[in-house]
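Note that the chains take the letters A, B and C in the order they are written out, and that residue 1 is the start of every chain.
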Amino acid sequence: MAEINFTKLLVHLVVLVDVVLLHVAYATYFERKVIGHMQMRMGPTRVGPMGLLQPIADGIKLFFKEDIIPAAADRPLFYAAPIICLVAMLSCLAVLPFDPNHVLADLNIGLIFIFAMSSLASYGVVLAGWASNSKYSFLGGMRSMSQVISYEIAMGLSLVGVMMMTGSLNLGQIVAAQAASPFGIYAIPQFIGFFVFVVSMLAETNRVPFDLPEAETELVAGYCTEYSGIRFSLFFMAEYIGMIVMASIGTICFLGGWNGPFTVPYVPFFWFLLKIYAIMFFFFWVRATLPRYRYDQLMDLGWKFLIPLALANILLTGLMKTVLE
Amino acid sequence: MISLSQLLFAYLATAITGLALLAVNARNPVHSVLLVLAMFFHMAGLYLTLNAEFLAAVQIIVYAGAILVLYLFVVFLVNLKEEIRVKRFVVSQHYAILLAIGLCVLLVSNMDSFALGISGPWTIEAIQQTTHIKALGRELFTTYLLPFEITGLILLVAVIGGLVLAREDKATTKGNSDDENAETKGVHQ
Amino acid sequence: MIVKHKKKRNLLETIFLVEILKGMGLTLRRMFSKPVTCQYPTEKRQPSLGFRGKHALVRNPHTQGSKCVACLRCVTICPSQCISIRFHQDEENGPRLLDSYEIEALRCIYCGYCAEVCPVNAILLTESYEYSSYDRQSIFFDQEKLLANWDEFMDQGNHNPHTYVNPFWRPRGCDIKGLAAPRRKAVPEEWTREGQIVGRKHKAAASPAPPEQGAKQ
């Protein structure tokens, strides 16, 4: 009995990781196409029809590139950093409900678990920065660390409103409660929370306009300056999985998860995937539009604006809840 | 017969002790912080075996995700590559070892007097029924309201203290950009 | 110069991030516009008039050699000194006879001065720009190669060897009477546009300045 469950779990795990990594690969293609067209370019067109094999080619190239380790690097940490990043991000996937029947681990503290794991990912980044023994990497790592800590608070607080309305931290139950709510999605009653979530989502994943940890113009490539080949691609994958995880949280907590205006037969995860890709498109769209924030502006925005706003949202939600009941 | 959970406990306990010792003995402060991080993970695992999943998650978020990161900040800012070797504080290492062994013997000899506390209304089943967070919240805001509020007050004092320190800093040295960091620390600790 | 100050945001615009939304709207609109990409190796770009590319010596249709008279003006004016000429004279005060004409194209800065000063329209910079190579030898042009470059340029079929006039053979803003006889050939109409006349004096004398310039001053 236990053994059967174990093999089933393993198969589920392998399929999940593979599917997500494929999505990561094609998210890069999607990003390059979207940003290309927004800048009136074409994006990848050469490898395969419409450049569709470009991610595969990139993967092969990165895999076979030389793995350079700086002489002054702290080797064990240098090796461990990208793995910490990737593992932390991959383990977030376990609690995400893609449709009512597909969730690897149906935890009661799903949301908190994701926070815990994404805060760990910042360790990978900061250790990469330190272990590389290069000033660019180090500055990138430090920036990333302070940014992630600051915005995690705002993000956690923005989701408290959702927790209050649902009364649960189980992601499946959040979606179910949302379907039963008058609007069907929490983005409307929780619009302040949604706004705070979206901004801190961008900051948490180190995306433009908050991409200070890897600001090309100042820091070469930030914390992954000294990384090359497959180790660099692990960081890259971690970043994109992070984006997918954040998009999933947004979908689950604010946009109604797998529920849609009508049910699509045979593809229960259709709406979930669509919403994730809508949010991913938003990531790329913002990247194509906005310039980078200055560091002190970033901190001001996080501490002086988003956190008070999220706290006000909690207060408002509590008030509304007591008034309505 | 040793059950699986006992085996798990044995592993976690030895890992916690071993990692703590390694963290104390590590030459490199960053490695030391990382060993503490691994130790926190094992502690979270220990909480999981006790059905305290919320506590496990909070352990990771607060200790690993926030406090330890701030330690890391400090270690980075001080920029110690290797431990500075200074003369021992105590005259001889032997006294310290003797003291530690004595303490250990004292603790082990009193093992029998450890007794299980009275089990309250929250059995595992009850907690699973009302979910962990609800149970925790209800207890915190009813039975333990006073201690909770006192803790809140103490933290508020710490926050205000941090803010005051940061402001004073601003008045003396104009435009110091470190005041945000000071605020961060104030809120976390 | 007129400095246009941006209108100050009002509170509502700040709260609803109107400016960011405007920017996002712009990028979204651009997403559905046609890309400006030129797919280079498959789709070649037409060089504009006055493009300075690969060097060539014009082949004289009568002698099949070059038109160069070894006056050394190009050698003298070349800022990077990449042209070298060797010649001899059979008799004193006789015509100079060219022995070799070499251009080290890797040192060339493509200023086009050599073509501008040449009194007999012998040298030019063609419109061909695809001549990168894996070795230095093939980008070191001697007389044969330079003549071959001319043949190649003519074989591309866009120009007639008898009527072709390189724009640099008659520099803009030059009085036609001051030029040597072979250089008085008509250049394309576009090239002699008055607005493009070089030099301060010519600009002042030429047609009134365009309106947007006037507004700025």
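Note that in this section a contact is a pair of C-beta atoms (placed from the backbone, for glycine too) under 8 Å apart; a residue touches a chain by one contact, two chains touch by 3 or more.
Since we're looking at a predicted model, the values are computed, not measured.
Chain contacts here run in a simple line, from one end chain through to the other with no loop closing. Seen from the C-alpha centroid of subunit C, the farthest chain centroid is that of B. Centre-to-centre separation of subunit B and subunit C, using mean CA positions: 72 Å. Averaged Cα coordinates give subunit A a centre that lies 51 Å from the centre of subunit C. Centre-to-centre separation between subunit A and subunit B, using Cα means, comes to 28 Å.
Residue positions of subunit A touching 2 or more other chains: none. Contacts from subunit A toward subunit C in the complex involve residues 34, 36-42, 45, 285-286, 288-290. Considering their complex, residues 28, 30-31, 34, 37, 53-54, 57-58, 60-61, 64-66, 69-70, 72-73, 76, 131-134, 177, 180-181, 183-184, 187-188 of subunit B touch subunit A. Those residues of subunit A that touch subunit B in the shared complex are 74, 77, 107-109, 112-113, 115-116, 119-120, 122-123, 126-127, 130, 138, 142, 145-146, 149-150, 152-153, 167-170, 296, 299-300, 303. Residue ranges of subunit C in contact with subunit A, taken from their complex: 20, 23-24, 26-28, 30-37, 39.
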